[in-house]
Amino acid sequence: MPLMTLEQLSYNYPNTQGLDHLDLTIQTGEFVCLLGPNGSGKSTLLRILSGLATASTGTYRFNDQAITADYLRDATKRQQLHQQIGLVFQNTDVQLFNPSVTEEVAFGPRQLGLSTAEVTQRVTDCLALTDCTELRERVPYQLSGGEKKRVALASVLALNPSVLLLDEPLNGLTIAAQQQLLTLLSRLQAAGKTIIMASHNFQQVQAVGQRFIIFNSAHQIDADVAGSVLATQPERQAQLMTL
Amino acid sequence: MTNQPSKTDLPTWLQTPNQPITKRHRQPFWARNQRHLQALLVRLAQPAPAIPATRWQLAPHIKLLRLGLLLLLIALINNGLFLWGLALLLGAQLLILAPSQLRRFLRSWLFSSLMAVIIVLPTYWLNGPATLLWFGFKTSLILANAQYYRATTNFQDLLTGLKTLHCPDVFIMTLAIAITYLRMLGNYLLQTMEALSLRTVAPAKHPYRLIGALFGNLYLKSYTYALALYAAMEARGFNGHYAKPAAKPTRWRDYLSLSPYVALMALLIFWRN
Amino acid sequence: MHIPDNYLSPATCGTLAIAMAPIWTVAVLKVKVQIKQHRETLPMLGIAAALAFLIMMFNLPIPGGTTAHAVGGTLLAVLIGPWAACLALTVTLLLQALLFGDGGILAFGANAFNMAFIMPFVGYACYRLGQKLHHEKIGLAIGAYLGINTAALVAGIELGLQPLLAHTASGAPLYCPYGLNIAVPAMLAAHLLVAGWVELVFTLLVYQFVQKVAPTNLYQTTPKTSQRPWLYLLGGMALLTPLGLLASNTAWGEWSPSELKHLLVQQHVGSTVPQGMAHGFHFQALFSDYAIAGLPVSVGYILSALTAILIFLLLIRGLQHDQSTFKN
């Protein structure tokens, strides 16, 4: 059974189109990169997958359960979905609202009914994984852009979602931090997580992606190729470099 | 796939799937606020309200003046016939609206009138039906005129109107900033609530503390916006004065359109003196 | 708390709008000083107006399943300073009245008086008092609660006076039909019991958050500089006060005892005299109280206005003299 299935899915914003008739299947444990120019619909797709928005037409099924507005109206079901799917926003500012980094990361686990020791354990682990340990007493609001990205990832990771959605997570990171993040994502994938990452920079994600879904500016999927296939197509690679 | 601590050096909890939480709970407080904010953002993002019949288009400041005069007149006049006349005038103007606009107008007007009348309903027993009817009639007439203004005026028109009426520049600038940043802050608040809902996997124990954090963050964001905006203003040569674009010349027709109201007002003032 | 149109007589609306004029003037002067030190205050006015708009539209959960919303007057006063808050809230109210139909357009002055003046200043005064006594949070809590309740009380009085101020010859109210005996308790009950507490908790939590995360972003009081703006305020008020006489058909406090009794009896008993629709304009009584026998109405009014202005000018003169001797 596929993890996520999209059938003829479209999404319309009040006065523009966001996505145009997508068909897509994603299996558990995949590492998927969404590529495409600005405004092609990558963020919109991540919003749909995470349940923040629901399809205008077409269907989205997660674990064979259709995710509709009606389904999400039930607070319990919605929160169960959120527990399984974590999203790191493109604009990480909006994601950090607690008075300190430690509290920010502890926010999620605290609600799971874990013991204080377990919560502390999770916070320590997540901060270490994202290389944020020395930021623990800082105020999220005063961090730099790259630091905010890492803290946001740590705070999502602390909930231990089985699917991790990341919207342009590499923006604003130094090359070293990018490498570190990509390595962490690969390790998470090896641990059984599904990773879906949006990016407009093919170069940055070329090495790690095992499947590339390429959007065009008409909000449609242009190509859906495996990394191994893409490696044999230098002309397409060259084309992606100039996105 | 679940327990492979040997393969990666990730913490064990991160390699074991979650137990789904099954605690039942109510809608969180942000669900409704998200809807309201979305509606606000849609409204703010909408382009100018489409007004047909450009021939009788009034200058923005005349529109504003006319609205003020009309409301004042309706509030002052206690003569049923005059008010009836004003109502007919408005009705005629409504005829120009597109059908969909008219429907939207009617819906919000009826709703707001109903709200206004419900509040004074007990006065039926205090002062009798005449007072209630009279009050309801006048209030809904005022509301209809204000609603008509809103339906046919976009924000830019309002600014132009105020500018032509010699409102201080600082005030106009503040108003313009307010509406721009209403959209940005609204968007920010909406996204924060979305992020919050994504990470809230159980009922919030202290909703008010979250609200404090939400608006505390919003204030801090406003502050950073203000710093950035001032830097941008200075970088573009802002010296504390707001440049005025050339105002559109006022046409005689614009003034003519005000004359009935002015005449009525004059009549009202000199009636007894 | 937003008073819609037609609940207040145009004269009341006008008076309150005119009363706001000197307050706005002083606010602009004060904010100009503030801008010299913190230049971002200028764009902050507009952004704070947007913030206030969002605060007022945000539904806060209250026990019992319903919702209420905060106004944020005290909070803004503490965050960006009371004068800047006054201007920002004014812009918010204007936007709400003109573009969103929240609160009346004619009643804009009244709403500004209640929510952009009374509320932030009462709240801020309590906060400062608390600060002096080294309990600023208690001061803030009391300020938020008192601020919104004072504003509600003033709104209740404004509404409740309407049947006394404006009525037909037969005594039927022309605007808000509820007298003081209904309007004030109704406004106060709602705010003392619910809205005041919501405001208090909201204000305190946001303040706590900002204080914890970025204490430097709170408004820092500037050392006392000049008292001149206060004098302008006083002077402006004084000059404009004669206009206040316009506010009522029978001016404030000038009811003869029998008239007052008559009015109050009408209020409480509730006259049910049906009121014809075509009673003509109710302006007939406007200047009658000022008509001195034998003088045209307008001359009498101008004379009394001039007298009032003179008295206030003398009063100001006296105050100025006192202050300069203190300085020496």
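A few remarks follow.
The chains carry the letters A, B and C, assigned in the order they are written, with residues numbered from 1 in each.
Here is the rule we use: a contact is a pair of C-beta atoms (placed from the backbone, for glycine too) under 8 Å apart; a residue touches a chain by one contact, two chains touch by 3 or more.
It should be emphasised that the depicted structure is a prediction, and the values quoted were computed from it without experimental measurement.
Among the chain pairings, B-C comes first (most C-beta pairs in contact). Every chain gets a centre from its CA atoms, and the centre nearest the mean of all protein CA atoms is that of B. Look at where the CA atoms of subunit B average out and do the same for subunit C: the two points lie 22 Å apart. Chain centres here are Cα means. That of subunit A falls 50 Å from that of subunit C. As a whole-number value, the distance joining the C-alpha centres of subunit A and subunit B reads 35 Å.
Under the contact definition stated at the top, the residues of subunit C that touch 2 or more other chains are 209, 213-214.
Multi-chain contact residues of subunit B, defined as those touching 2 or more other chains: 213, 217, 220. The set of subunit A residues that touch two or more partner chains comprises 99, 141. Per the touch definition, subunit B reaches subunit A in the complex via residues 1-2, 4, 7-11, 13-18, 20-28, 31, 42, 45-46, 188, 191-192, 194-205, 210, 213-214, 217, 220-221. Subunit A contributes residues 99, 139, 141-142 to its touches with subunit C in the complex. On the side of subunit C, the complex with subunit A involves touching residues 209, 212-214. Considering their complex, residues 4-6, 9-10, 13, 28, 39-51, 53-55, 57-61, 67, 79, 87-88, 91-92, 94-95, 98-101, 104-106, 168, 172-178, 201-202, 204-206, 208-210, 213-214, 217, 270-284, 297-298 of subunit C touch subunit B.
Chain contact summary for the complex, subunit B toward subunit C: residues 29, 32-33, 36-37, 40, 67-68, 71-72, 74-81, 108, 112, 116, 120, 123, 125-132, 134-135, 138-139, 142-143, 146-147, 149-150, 155, 158, 168, 170-171, 173-182, 184-186, 189, 207-209, 211-213, 215-220, 222-223, 225-227, 229-230, 233, 240, 268-269, 271-273.
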